[in-house]
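Take this structure, written in structure tokens, and hold onto it; I'll ask about it next.
Here the chain labels run A, B, C and D in written order, and each chain numbers its own residues starting at 1.
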Amino acid sequence: MIIAIKNSTSKEQFENLIAWLETRNVSVHISKGEYQTVLGLIGDTRNIDVELLEGLDIVQKVTRITDPFKNVNRKFHPDDTIVSVGDALVGGGNFAIIAGPCSVESEEQIIAVAKSVKQSGATMLRGGAFKPRTSPYDFQGLRAEGIELLLEAKKETGLPIVTEIMDASHLHLFEEVDVIQVGARNMQNFELLKELGRTKKPILLKRGLANTLKELLMSAEYIIAGGNENIMLCERGIRTFETYTRNTLDLSAVPMLKELSHLPVVVDPSHASGISRLVKPMALAAAASGADGLMIEVHNDPVHALCDGAQSLTPEQFDDVARCVNKVLEAIK
Amino acid sequence: MIIAIKNSTSKEQFENLIAWLETRNVSVHISKGEYQTVLGLIGDTRNIDVELLEGLDIVQKVTRITDPFKNVNRKFHPDDTIVSVGDALVGGGNFAIIAGPCSVESEEQIIAVAKSVKQSGATMLRGGAFKPRTSPYDFQGLRAEGIELLLEAKKETGLPIVTEIMDASHLHLFEEVDVIQVGARNMQNFELLKELGRTKKPILLKRGLANTLKELLMSAEYIIAGGNENIMLCERGIRTFETYTRNTLDLSAVPMLKELSHLPVVVDPSHASGISRLVKPMALAAAASGADGLMIEVHNDPVHALCDGAQSLTPEQFDDVARCVNKVLEAIK
Amino acid sequence: MIIAIKNSTSKEQFENLIAWLETRNVSVHISKGEYQTVLGLIGDTRNIDVELLEGLDIVQKVTRITDPFKNVNRKFHPDDTIVSVGDALVGGGNFAIIAGPCSVESEEQIIAVAKSVKQSGATMLRGGAFKPRTSPYDFQGLRAEGIELLLEAKKETGLPIVTEIMDASHLHLFEEVDVIQVGARNMQNFELLKELGRTKKPILLKRGLANTLKELLMSAEYIIAGGNENIMLCERGIRTFETYTRNTLDLSAVPMLKELSHLPVVVDPSHASGISRLVKPMALAAAASGADGLMIEVHNDPVHALCDGAQSLTPEQFDDVARCVNKVLEAIK
Amino acid sequence: MIIAIKNSTSKEQFENLIAWLETRNVSVHISKGEYQTVLGLIGDTRNIDVELLEGLDIVQKVTRITDPFKNVNRKFHPDDTIVSVGDALVGGGNFAIIAGPCSVESEEQIIAVAKSVKQSGATMLRGGAFKPRTSPYDFQGLRAEGIELLLEAKKETGLPIVTEIMDASHLHLFEEVDVIQVGARNMQNFELLKELGRTKKPILLKRGLANTLKELLMSAEYIIAGGNENIMLCERGIRTFETYTRNTLDLSAVPMLKELSHLPVVVDPSHASGISRLVKPMALAAAASGADGLMIEVHNDPVHALCDGAQSLTPEQFDDVARCVNKVLEAIK
């Protein structure tokens, strides 16, 4: 860690700072310049609070050289992590296709979608039981009942299931769920992350709407620090000023995350744009960028079918996307 | 609600959409134009899902005319809500000054700060017991013990206390806490908001780092929908591209929120910039913009004192700020 | 255009607004609701100033249904525009590969790079002569001399050349340039756009760092309104909160722009991330997303070669990228 | 400047980098750590290109310790710059109130507004002659004729005039203009900035919609590097995700800019929100935050008066704002 100190700093303030830093078990290397003095901290700087230092009046700038994440860092774990979910593998050259409806609505619906996506090559079934909604007046999901229906679909098709958790107190309902999804709005729900770290369940951790890759990795670090290494990172679009698309899919996150971390990276092109006709080009682009998997919304219900709709694909459209994705994966091998 | 339909829409798709809309208990007014057809929905459109409609291939644009929030809306409740906390009132012309350290560290610390800020005119004491930290390796707060120490300081000074909750399962620890704070990262932790709606405790709801005012009001709507009307909104800085300050304080949020809602609006200038020397100008500006209160960090501990530091003020600096804030409040009366 | 009027509006204000709107040659359709009155404007609303209306105290919301761009709009011009540059075609199924150094530095350099990229399949040569730099103390490019050197390289290789203009007064220097590039920072330099509209030269218009697709298309509309239809749109990354990459490449812009407009869309993966090792995955992803071309930095100079560096590829790396891009183009056909 | 080098760097690459750095006239101090090697550059690092270094594969991170701006930096020029415009002074305790219509529309209009704002205490008259508009079909201003009308109003009232330039080739029209405004969209029109640096005219430089304070100061550095020190910086709102206001006024920019630079800082609360009823609270907040002046839109024309509207104040509203601003200035003295 590098700390630049203003030259207006008094001798006493300076000595106090050095003394305090030395209590944190780092050694301090001092170089004096014309306009500032630069301190180089050597040792384990993870327990030095950057925000505290940055706020000090005598400090001009603090730069952390070492990444603050450790167990998810590829530097300390060069090989790809491969997450195993039922028969499906994710990472290390294994590509996952997770498909299913936005919300679980009925047994008939979820089983029909599950059968159809399986046939098109999906390796896992997704479906929302607990739904985070901006408005308290919007449909909040079938909750516990939705999980039951997903388990029925799993029994019918053998597909492992992925569904979102919204509160640590619901964890007992997820015992038979194969992958627990943490949604974008809960990416920094640290108490939830700690609880998930204590399980051994595979976790699909979505990037928050305005969060950086470093923050995503720090949230994964919360889970891994608890002992659970089965983590898939998920890019699902970030908030930008663009309004034609609901969010902006950040595909440069894929190669960057894979460079920084050994964890597999899955892309959700459905939520990113909110527009079904963008799902195919973005799914192909995600595959071309090196992603380890895709998470795609597929529906079979009449409300969506109504107008060929929403951010979900029909089973026929999904089948076409899955086929083209495989061609791109073949091309970039 | 206004829905623009593309002219490429088939007669069957169009009729299906109208039929579906009519099942939602709204009446539909149709006007055909050269390049699109515009539907005007009349009736209670709150159970029409805008995102679903926007995603339909036949839909060009959806515009909600009515605000989606209702119980926090000033239109339906023109008078200012006045939140009462012990002897302190907030809103409707009553100005609150909430002061205290970032984290509760010891009995000695919290009592000394409480006494000192009370003398300078603070009306409530703040202090962090549960601390949301980006890194699992950073100090997570004294947790339950921190709340005990705050209650000690309350007993000594009579100041009502404000402290942050991070998970609904901790709620039993907050029984004697006067104001429960919801932090920026939990603004859309909807399960937590629902639980807080079931209490009668005053809630200080902080705006998320990249959230809009509409989203903040929708989160307040979650609390009020559960029956709890004691809500203070808090602007604490949003994420922008600026790097000299940690966040950007959005003071236009103050008059805008007060126009949209009857709830009081408190400003936190300490977290917004992360720099103690900006706290005074931003506190004065917040008062001049019409805020109902301020939340300011004050410390008395040697680590911060070390270099006149961080985003916290010393008791002497806080005393100066409080005096100047009162002058500005007098000037704009 | 839809205008929602507050119900607090006086009869006189309301009638004044209607009278004023009618002077703008639109007819007004009025529907009164419980909380607001909605006006539907029928006719050519392009000369109604949305910002003026939005600012009126009696107006709650203004929604433009029709896109404000017209000549670049695919609705009025369904077929793909194909821009022809020397022997190269861009758009309508023709894929362009524009390659070359960030800055033109010497005759030797530019000719060597031109020869090498031509051999790898580049269809145009790029090179900066006028360089926009954040600091007045940074190298500003070889300017007029740089253009001379590009023309030398064109003579040697036959490759058409692309280079950036920074001020309308330099236009006489661009007479033999094949494609004039407008940089991100000049996307809304409207006086420059008007001048370029008066030429017949192909223009490569880069999206501004924080601009929306609508703003990009409105800037293209400035050029086309002057009579010049030879425009290529270029996505080159937008500013987000992410810091591991310099900018965030927005690939959903590709299918979205191609849906909204008939103009070809080129992607610049080099500037987007600022990191050479991300150029390949992002170039492949851009091709998979449906782009009409790529613009890639290639260097052969020792400063960059020094450490295999910067955002530029070596000729060997570029050759590999070009080959893989062709495989992806083949796969998605 | 601090450069962190990856430990995977070969000896040859490392030595090449050191050799290249030494050709830039800086001396290099090397400290080897477990996971990276840190280089400290000592000397004038302004001609080291950070972006080039950041892009190198062997470089992990580059941190500039010294601010890249020099002549606008308060460190090298501790006293406040006071810009003198006719009888008006701006900065160093002198507060400017610049008022007038968004666009100059007629002689009658501009003279009437000029007289009225002068009476309320305005120290300069503003009015748009050249208007930057997103759409080529929107009114582009009276251009040269608008400047003539402003000069008439100046003759009538003695108020110095402020108006925007959009292209360096128009400079001859600005000879009698007192303050040349550079708009947000031209903040990084570097060729224009260079031209303005060659004049001695006071320049009002507006912050771009998505630009940082460092970029604003670098643009001011372009002007001052040419020899013109008469610069006022202007905060006018930045683009954020908020939609209730057109832009977000960043008032923390005021104390931050005044700490970083000796130049005066003016705030434009009219453009920031685009809503006239927010102008008063934001003007008071700007004054309380320590600004050196305000720039406020005032109209007297019937289209705006129509509904008491837009982002402009009526002369009566402006009179009230000016009076209250003076009270706040008195209170914070």
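Going forward, contacts are C-beta pairs under 8 Å (C-beta built on N, C-alpha and C of every residue); 3 or more make two chains touch, one makes a residue touch a chain.
In this text, all values refer to a predicted model and were calculated from it rather than measured experimentally.
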Chain-contact steps, minimal, separating chain C from chain A: 1
Of B-D and B-C, pair with higher C-beta contact tally: B-D
Just the number, please: Cα centre separation of chain C and chain D in whole Å. 26
Chain centres from averaged Cα atoms put chain B and chain C apart, in whole Å, by 39
Could you grab the centroid distance between chain B and chain D? Build each centroid from C-alpha atoms only and quote it in angstrom. 31
Among all residues of chain B, which ones touch two or more of the remaining chains? 210, 239, 241, 277
Residue set of chain A touching chain D in the complex reads 2, 4, 29, 31, 33, 35-36, 38, 40, 42, 60-61, 63, 65-66, 75, 210, 239, 241
Flag every residue of chain C that touches chain D in the complex, lowest number first. 9, 13, 16-17, 20, 46-47, 49, 51-52, 54-59, 68, 132-139, 166-170, 185-186, 188-192, 194, 209-210, 215, 218, 221-222, 225, 239, 246, 274-277, 303-304, 306-312
Under the definition above, what is the set of chain C residues touching chain A in their complex? 210-214, 238, 240-245, 248-256, 259-260, 272-273, 277-278, 281-282, 284-290, 324, 327-328, 330-332
